[in-house]
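One chain, subunit A, appears in both complexes that follow, with subunit B as partner in the first and subunit C in the second.
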Partner chain A sequence: MSSTGATIDFRSVRKTYGKFVALESFSMHVKRGEFMTLLGASGSGKTTALNALAGFTEIDSGEILIDGVPITRLPTEKRDIGMVFQSYSLFPHRNVIRNISFPLEMRGVPRAEARRRSEKALQMVRLDALANRMPHELSGGQKQRVAFARAVVFEPRVLLMDEPLGALDLKLRETLQLEIKDYQRQIGCTVIYVTHDQGEALTLSDRLAVMDKGQVLQIGPPEELYDKPQSRFVAEFVGANNILKVEGAEPGSVMLEGLGRVSGHVAHLIAASFASIRPELIQIRREASGAHRATLAEAVFFGNSVRYVLRAADGKEISAIEPRRPGQDVLPLGTPISFDLNVADLVALKG
Partner chain B sequence: MTRAVLTAYFVLVASFLLLPLFFLVPISLTDSQFLEFPPKSLSLRWYREFFVDQSWVDATLASLKIGVGATILSLLFGTLASVALVRADFRAKGLLTAIFIAPLIIPSVVIALALYIVFLRWQLVNNIYALTLVHALIALPYVVMIVSGSLRRYDMTIERAARVLGAGPTRAFLYTTLPYLMPAMFASAILAFFASFDELIITLFISGGLQTLPVRIWNDLSLKLDPTVPAVAVMLTLLSIVGMTVGEIVRRRNERRYQSNSVSEA
Partner chain C sequence: MKLRWTKTTLLLAPATVLAALLFVYPVFGVLKLSVHDGTAFTTDALRQVYNSQLSIIVLQRTFVTAATVTGICLVMGYPMAYFMAGLSPRKRVLATYLILLPFWISILVRTYTWIILLGREGILNKALAALGLTAEPVQLLYTPMAVHIGMVQILLPIVILTCLTSILDVERDLVKAARSLGASPRQAFWKVVFPLSVSGAATGGIICFILCLGFYVTPTLLGGRTSTLIANLIDLQVHKTLKWDLAAVMASTLLAATFSCLLAYWALTRKRSEFATGGLAR
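Right after this comes the complex of A and B.
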């Protein structure tokens, strides 16, 4: 099973439901074979974008292209797209192998060949032993594997996944994330994946697009979105973060919430309204030797690390993650400590 | 205490509902010429009488033909109507739903009289096809109510999945939604069949010389009264019980498939 992925283009797509604007001048280019994630809260427009591409919703204006060919006038079944749903949506009256062969049956593939290809797809998801089971006899993880096999058995060039792991428990979700990524590499199709789980998005994607109010706020590889969020929304949505208000600026130094006056390499912060810094970039000092004073307000033990909430001099709470060595004690609450950070690690954010 | 009261209440209501059967069964088993309770001696004489008398057999066959025809017609149109009423979005939806349910609410006599006047003019009285059509009309509300109720609970993403995987609208419906609706259609088919099989008032007005089973019973009651009628009644009751039981079994088996396919269970 392999296919060359197609390119996908959204060109200023607009979709409204009554007064609610689901998508507004939504544009995006997805490369051949790329794993693209649309990340956003519910109502951000990510599912609408997916449904427009699949042909479940008609768009008001704009155009969607697969491999450069406009598809908005094509009915769903002619778009040659594979899709996996959160609710699995297996056909309850068909056993596993006949669920998987459905797309081939619809395409008039001869019975014997359809059977052979379906068995191969079932092997890929390692469920060969369950070929004759009915969907209601499968566990959630098995169902989603079958749904995945069914979505790729006809070698579509585009695979859409709508929160496919949303209904599964954490452990299973992590296993399936790795599997999905692995299958996609084998198959080579272009994937658009929709989720509200930022961890999942960071793990799976080649690139991800953070969406809010029907628009893309920022798009890029996971490292870039994690290291260089451009807006407060992205900084807060992707990974844990500290958002500090910029309270004043003059050449050579800025006043920051929680930190006070910070000088040095601050040129990038002068025009910003907020700055962010990741908890793991803050170093806790057990003595008063650090540049900033604080008291310990909260400590959460994770085994390999401890997450501390520090209360700074102005009352702002800053979270810090400290890697932990065996035998190292968790600091008691209320301990006066100090902390340091690298000014260059502060990221400038728009409002 | 509450439990005892509820049990007593249950027994009371159940006995009230089953009371006619309590008299009917013994009466139908009598050996006498007349209706008597309790019967002095038992026999299956009146059951035999039913199968031997050609007029009873003819009436039963007519009822069966009309019932099957009416069931098929009401099932076809009722299911299609349900799809439109549940899925399409149009102005007259509420009004149209009311019209489909109307035959159940409008008194039979009113429908009977109206049809009688029209059928006289169009010379459709004593026409088995016209009668079948009318019975389909009476059975339609059952189909529309049950099938559209089932369709409202249907997870549309299953049909969407079929569409995106390559099935056109018709095939997607036939391959996914129709199998889902089967038990509801089966249950409504049973109700539709008995709605037709039982129908007396409208049939009396427009059947002319045509005798269905209820009309035959009615005629029998007004002319003479022998224990064939209770025998027929007992057989009809048994038939209904079998039909309802099969319907319920089919419904339950199907429900399991869909329940375990839902997200919450995962």
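Right after this comes the complex of A and C.
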């Protein structure tokens, strides 16, 4: 089972439901074989974008292209798109193998060949033993594997996944994330994956697009979005972060919430309204030797690390993650400590 | 646990006593009457009924009429229900009210309206004459057709609503999934919606069939001599000829038929609940 993925283009797509604007000048290019994630809260427009691509939603204006061909006039079944739903959507009256062969049946593939290809797809998701089970006899994880096999058995150029792991528990979710990524690499189709789980988005994607209010706020590889968020929304949405208000600036130094006056390489912060810094980039000093004073307000033990919440001199709470070696004690609350950070690690954010 | 059990018993007691007194006891009385002449068991009544051509014809006619009316109701009701399932929830509620509206009017009144419509001097005949399509009034009333029309009108809402429930039970995402997998709207219907709702429609059909078997008012008012149904014949035996034992045999036959239908209904719903407990996200 393999397919050459297609390119996907959204060109200033707009979709409204009454007064609610679901998508507004939504544009995006997805490369051949790319794993693209749309990340956003509910109502951000990510599912609308997916439904528009699948043909379940008619768009008001704009155009969507697959491999450069406009598809907005094509009915769903002619778009050659595989889709996996959060609710699995297995046909309850068909057993596993007949669920998987459904798309082949619809395409008029001869029965014997359909059977062979379906079995191969079932093998890929390692459920060959369950071919004759009915959907209600499967666990959640098995159901989603079958749904996945069914969505790729006809070798679509595009695979859409709408929060496919949303109904599963954490452990299973992590296992299936790895599997999905693995299958996608084997098959080679272009994937658009919708989720509100930023961890999942970071793990799976080649690139991800953070969406809010029907627009893409920032798009890029996971590392880029994690390291260089451009806006406060992205900085807060992707990964844990400290957002510090820029309270004043003059050439050579800025006043930052929680840190006070910071000087050095601060040129990039002068025009910003906020700065962000990741918890793991803050070094806690057990003595008073650090540049910034604080007291410990909270400590959460994670085994391999400890997450501390530091209360700075101005009352701002800053979280810091400290990697932990065996035998190292968790600092008691209230301990006066100090901390350091590299000014260059402060990321400038728009409002 | 024990307390709850006692409570359940207490709560169910009045209804159970009432049902036993007013339903189970008389039904056994009827059953007994059909095989017992007051002093000893006898098959006289049974033989009389089953050897009589009249009762066989009427019984047959009753079943055929019930089947036909049920068929018409399903063929008309399922598409209507499918249409309603596609409406927005607000419009669907409105449509449901419209369908339930006739229930506010008594069956008797609803049946009389057909006399006004179908009679020799009725609206339909007048219209046909005015259009020059017929020279003389057509016999519409007091025909089997009139009985069928009357019964369909009364039973159609029930069939529509049972079909609607079963169609709405089919998850929307299943249709979306089918479409994304290459099914045209027509294929999605025949491969997914229909197989998943057909047993629900069938249960609606069985309810309709059972109700048809006992119809009395409609054949009495709209039917002629050639459309007498078993309920009319039972009435005749009870009120006119006073042969209660024959009436009891006919009633017992009807009861047996109804029970067979209920068994079929039970088997169907059991199969349906197997799918329903499939753990689909609801």
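In this section, the second predicted complex is superposed on the first by the 351 of 351 C-alpha atoms of A that agree within 3 Å, B and C clash if a C-alpha of one lies under 4 Å from a C-alpha of the other, contacts with A are read in each partner's own complex, and residues count from 1 in each chain.
The rule is simple: a contact is a pair of C-beta atoms (placed from the backbone, for glycine too) under 8 Å apart; a residue touches a chain by one contact, two chains touch by 3 or more.
All values derive from a computational prediction rather than experimental measurement.
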Fit or clash - subunit C, subunit B, common subunit A: clash
Touching partner for A:75 - first (subunit B), second (subunit C), both, neither: both
First (subunit B), second (subunit C), both or neither touched by A:107: both
Partner chain in contact with A:136 - subunit B first, subunit C second, else both or neither: both
First (subunit B), second (subunit C), both or neither touched by A:54: both
Partner chain in contact with A:334 - subunit B first, subunit C second, else both or neither: neither
Which of subunit B and subunit C A:168 touches, first, second, both or neither: first
Footprint overlap on subunit A, comparing subunit B with subunit C: 54-56, 75-77, 80-83, 85-89, 91-93, 102-103, 106-107, 134-136, 140, 150-151, 154, 160, 167
List of subunit B residues in touch with subunit A within their complex: 155, 157-158, 160-169, 171-172, 175-176, 179-180, 256-263, 265-266
Complex contact set, residues of subunit A against subunit B: 54-56, 75-77, 79-83, 85-93, 102-103, 106-107, 134-136, 140, 143, 150-151, 154, 160, 167-168
Contacting residues of subunit A [partner subunit C, same complex]: 54-56, 75-77, 80-83, 85-89, 91-93, 102-103, 106-107, 134-136, 140, 147, 150-151, 154, 160, 167
Parts of subunit C lying in touch with subunit A, wherever the complex brings them together: 171, 173-174, 176-185, 187, 191-192, 195-196, 274-275, 277-281
